[in-house]
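Note that the chains take the letters A, B, C and D in the order they are written out, and that residue 1 is the start of every chain.
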């Protein structure tokens, strides 16, 4: 009996890991293939000639040379999106409600984590920490951020959403937007009261900025080196761990079962003796904590944060959640990876392929177009069931 | 059987939801000016069949002819244009609108005002609005509603809301009225009133009525013809008396431990109906 | 319905009570208004524009106080939004005590708002609006002490050419300011024979991964960024982390010690980091060092870009009001102040001597190309001047 | 027992509505407010008194012609006079008018038909860029560096095309509304909200990016100068002839532009209000409400829901389009910064605060938010700034005002204020300040054909006001 349980648990850990690997490889291969097809077609075009002139290589070679870096960047970004998207998707799964303020939960996590690190830096312990110590501080920062974001998310649910739970569906949505706006300014107020500035930069510590050289690609011009930053690896590993843990909680624990039953049918779950309010709070706690952790990872990767930092990643993560099928944890992962890849590809190649006429400034437009197209033509998303759309 | 007498004819109607076949090859036809009932246990596919007729669902197979013209697969608004109106099992009034407005919404298809008329407030618009309002008031009176025109529909008690729904359906000037469990949740006195109303609608307005009903007392006393559905299929059709004595119907009900007894309990009705049949 | 009827007047009444305190101004008060975004994403710079002006009024209103006037600051929040800016401008114009406006951060707000100043003859001195159109309209009331995009971009290109660079990748922040400078950099650079390998704008503030890929493969000798330090420094840092070793070049939006805080030592690696600015470093203008110290003492943080310019704007306004007041022997009219601003000769600002031409641009702006020489924010003022260029604006 | 506050207010209201009192009160307050503002043109309490007095013309019970007379007096005579003395008020009222029209347009989409739209500013942008493009030199600058114009570039159209473009703005924005509406029809509820948000962002980013390959929008540089309609000196002279004694000084042509734009805005708003009222009270308006309440039941009643939703999008967009043209001309400058998500939420806040679905409510929302934003928050900040520069302090806690952090200025926290307003309104008053009421009709009481049927149970129950936001039924299928 015990053995079965253990293997069950192992299954819940290995299965999502396998899925992630599949998604990354699959999405990467798909996008690469599309890119090659385009590059093949573009041979001999103006863009090709321009590249030969400036980079001394053809468009096919250029595409190939860029590819590994683009894939790595896309994957890193994808995991960050996936971690944020989980917060949206969990809340949607349980309440069928878009928690618009999740992007601010993300920002709060980023700020709390970064403030913690800044504090540690001021104490001088951060600079003194060895390689192992720096990871410990990062984990601590993550933990602090997760606690803070989780608590704010629970508080937010209590005050701004719970009183509206039985209202028409647009009412809590509007309330969520209100919360989102209010939180942006609250963060700004708190941060600017202390120093007069409201953006923060994560202190430099540990070996996160170092690059690990993977290999280099010989091309007609200079060889293109492919590197991955330590912090990219950290981001990916941390995101994977969180995703696996969440998957385990939802699919293999008692409380996970309760969450799923509340998501299925709140009334019935209540009749079965499940404390629905508690479960909903717990959902917000988990979603918020994940968002907060994603905030710290984001700050680690991209160094600078401000109170409005959540809006764009929030929108993108929501897009990812919808793309994968909102309410579906695996879907959020797939959506995040696809979107991260798409953005990375669009940013890297669009300018080159159109000879600068349309540049990477169109990558957000791409993301939003994807969102619109998915919602219109497959509102249930890539992996969603046919239930999601209700007025 | 000429087309003029058969107002509604369905042949081989199939409606599936994923793997589930909710309506399976149902043939069905009803004559003009009749009160026709569909009965059957819960989940038998009655409401699905109704929704297929009224255009909320598209049937996968089969034809539905209304007054000789195919209507299957038409969107609901087109079907209303063809003079078919319906009510809902769980009342679906526009709760935030007044009773009068609800009925005016029902008259939507019978108004010809355009956006330009509306903005310019042409004479045509004013006259038409006045006419529609008057007609709505008449309908309210007809279904037995008084002094509630300006009340929010959601503020009416249950029985009143049922009446508003019927008035709203009548406002679209139907020749066929589909009633989905119109007496559900009513006490016996209210059901009696409702039945009286249905007969009047048929007799005075000449509207053919097709109803789904659970209350056997109502079904047996009001229907002139009954169709029984089970597991998405039509298992029997006939006069109330025939249905009451049909073994497969009894099995369908009793086999599942149905609620209302169909045999002994309603024997009195059957007798009464037999007399009516004879007359 | 009944309750609501009462709610509305109640709100008005409460609002009225709250505001009862701000009645008509006492006589002999002179106000200098500032307009800048105090809220929203641009409020960091906007607030320091206000703070710069506030510092100037506190420190330099002595002569006017002796003449018997009380000088006050009236800070307005234009929210970076033309609607609010214009409404504020009308509010400012309607207050007769206001004799000068320091302001606007966004040219998009300055242009419509200054139409109001123009029709009220109220002088506007801008610390930050570099868009050529600001002064090209030829309004007597509109002046600026910052450079023009078309000049500053060209200065950057000249510098790059003087260093013998052959290729550049040009980025901007998709604001009127950054894009304007970048466009002129590109134009001048191409004329000087520098190959522009790419030209892109981005609103991204943090994640430059996807933009950097094509840049790194193009291997430009210099990455030019038109925009503010909080984007540029992040971009520069990320590019270094990805192994870029060429030169960085930016504009006066980069002149903030926080750039070093963000960029750190990555600004020193490779071919180093340079930026063009009209506001000279402490070694040239001793006033700047004092300003920075005073500012930090008062507001607790390093001044953002344009804070020093705002200080100078307010100082110019004060001087002009004083001149006009002495000449008129009474509270001067707005038109007098407007004329007095243009009449100032070699006003010693902390960012350099100020002389306005007939459009309101500086007659000759001195541009410095400064090299970042330390990754430590505290050492920002010790940055070296690499080149000094004096350029007159196009006529 | 002491009377509660509400009872006392009720007594007050009853007094206000007694006999001829409404006329005296309204007229008196308007005149009092006018005189106060006239004498002290910068006093905000006086201005609020004037606005409050004017609003009584709507709130108190009086005859329709009297209401109209008050409205005309205020709008056409008093406001221009005050505005000429202090153009700030004219600007405030101009913006109130602009935002009222926007809020009314959004109200058709959100309030009447229950379709949440977070990208509404996109339609405003369409109108603004329409005149911004054709009413400037931009068509000749397609290959220039954004933000530059060779000297002597002519304008593309004569300035008076502006009037035609108001109508073109209506049409073009309506078409864009249809284009957005078409795919969006398949989506409902919160998905719709997200799609429209994405659409709004796409439009803003397109405007920001379309300076290459062809320089259509000047990108972030924005388009300027944009022409205003011409103003002949005769018109200004005519105005001065009549109003100079009242204003106290002659009005210049530049100042008169403010009055002109104010009048155009008021005209557009009146037009918009009439259209909105008439649409609301017709089969179209009833159908919109029916769709909002229960789309499925509505289509079963024969309402072509898709067509009507498209119509709502188009009508709502068209108002924004017209105001966009007006905005471009009055500002002479437009850039993508004006059309952000924040701006869309701003308009949505007006609709929700005032009363979703309620025409007077939405206007009240526009008034409150605009005044709050332009006057109240700014004034408190200015007041704090004044205090900070003084030696004043709070005695007991010995707090010197000059120590008050700049970061606590209320004008910096517009988003916070709006956010809190949205949340509180949703929790305590989801129907808004002036909730939408259903039109009460004079009924003729047709005699019941059968009297015996009417049972007492059908008597009206307690009227409960329902949240006006779309009430989606959870049980989707009948």
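In this section, contacts are C-beta pairs under 8 Å (C-beta built on N, C-alpha and C of every residue); 3 or more make two chains touch, one makes a residue touch a chain.
Predicted model only: the values in this text are computed from it and were never measured.
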Chain nearest the overall C-alpha centroid of the shown protein atoms: D
Chain located farthest away, centre of chain D as origin (C-alpha): B
Centre-of-Cα separation between chain B and chain A, whole angstrom: 52
Whole-Å separation of chain centres (CA-atom averages), chain C against chain D: 33
Averaged-CA centre spacing for the pair chain C and chain B, given as whole angstrom: 73
Averaged-CA centre spacing for the pair chain D and chain B, given as whole angstrom: 45
Multi-partner residues of chain C (at least 2 other chains): 39, 43, 47, 174, 201, 203, 299
Touching two or more other chains - residues of chain B: none
Touching two or more other chains - residues of chain A: 185, 188, 196, 356, 361, 364
Listing of all chain pairs that touch each other, if any do: A-C, A-D, B-D, C-D
Footprint of chain D on chain C - complex, ascending: 1-9, 11-13, 15-24, 38-40, 43, 47, 50-51, 72-77, 79-84, 86-88, 90-91, 93-95, 106-108, 111-112, 115-116, 118-119, 131-133, 137, 149-150, 174-176, 178-180, 183-184, 187, 201, 203, 299
Chain D to chain A touching residues, read off their complex: 114, 116, 183-184, 186-191, 193-195, 197-199, 201-202, 205-206, 208-209, 212-213, 295, 341, 345, 348, 352, 405-408, 412-416, 418-423, 426-427, 430, 467, 469-472, 474, 476
Touching residues (chain side chain D, partner chain C) in the complex: 6, 9-10, 13, 40-45, 48-49, 51-52, 55, 59, 86-88, 90-92, 95, 145-148, 205, 208-209, 211, 219-222, 224-225, 252, 254-255, 258, 331-335, 337-338, 342-343, 355, 361, 364, 368, 371-376, 378-383, 385-386, 389, 406, 409, 411-415, 433-435, 437
In the complex, chain A residues that touch chain C: 54-55, 62, 65-66, 69-70, 73-74, 76-77, 185, 188, 195-199, 201, 204, 209, 211, 222, 224-225, 227, 229, 298, 301-306, 308-309, 312, 343-349, 351-352, 356, 359-361, 363-364
Touching residues (chain side chain C, partner chain A) in the complex: 39, 41, 43-44, 47, 174, 195, 197-211, 213-214, 216-219, 230, 234, 237-238, 241-243, 258, 261-262, 264, 299-301
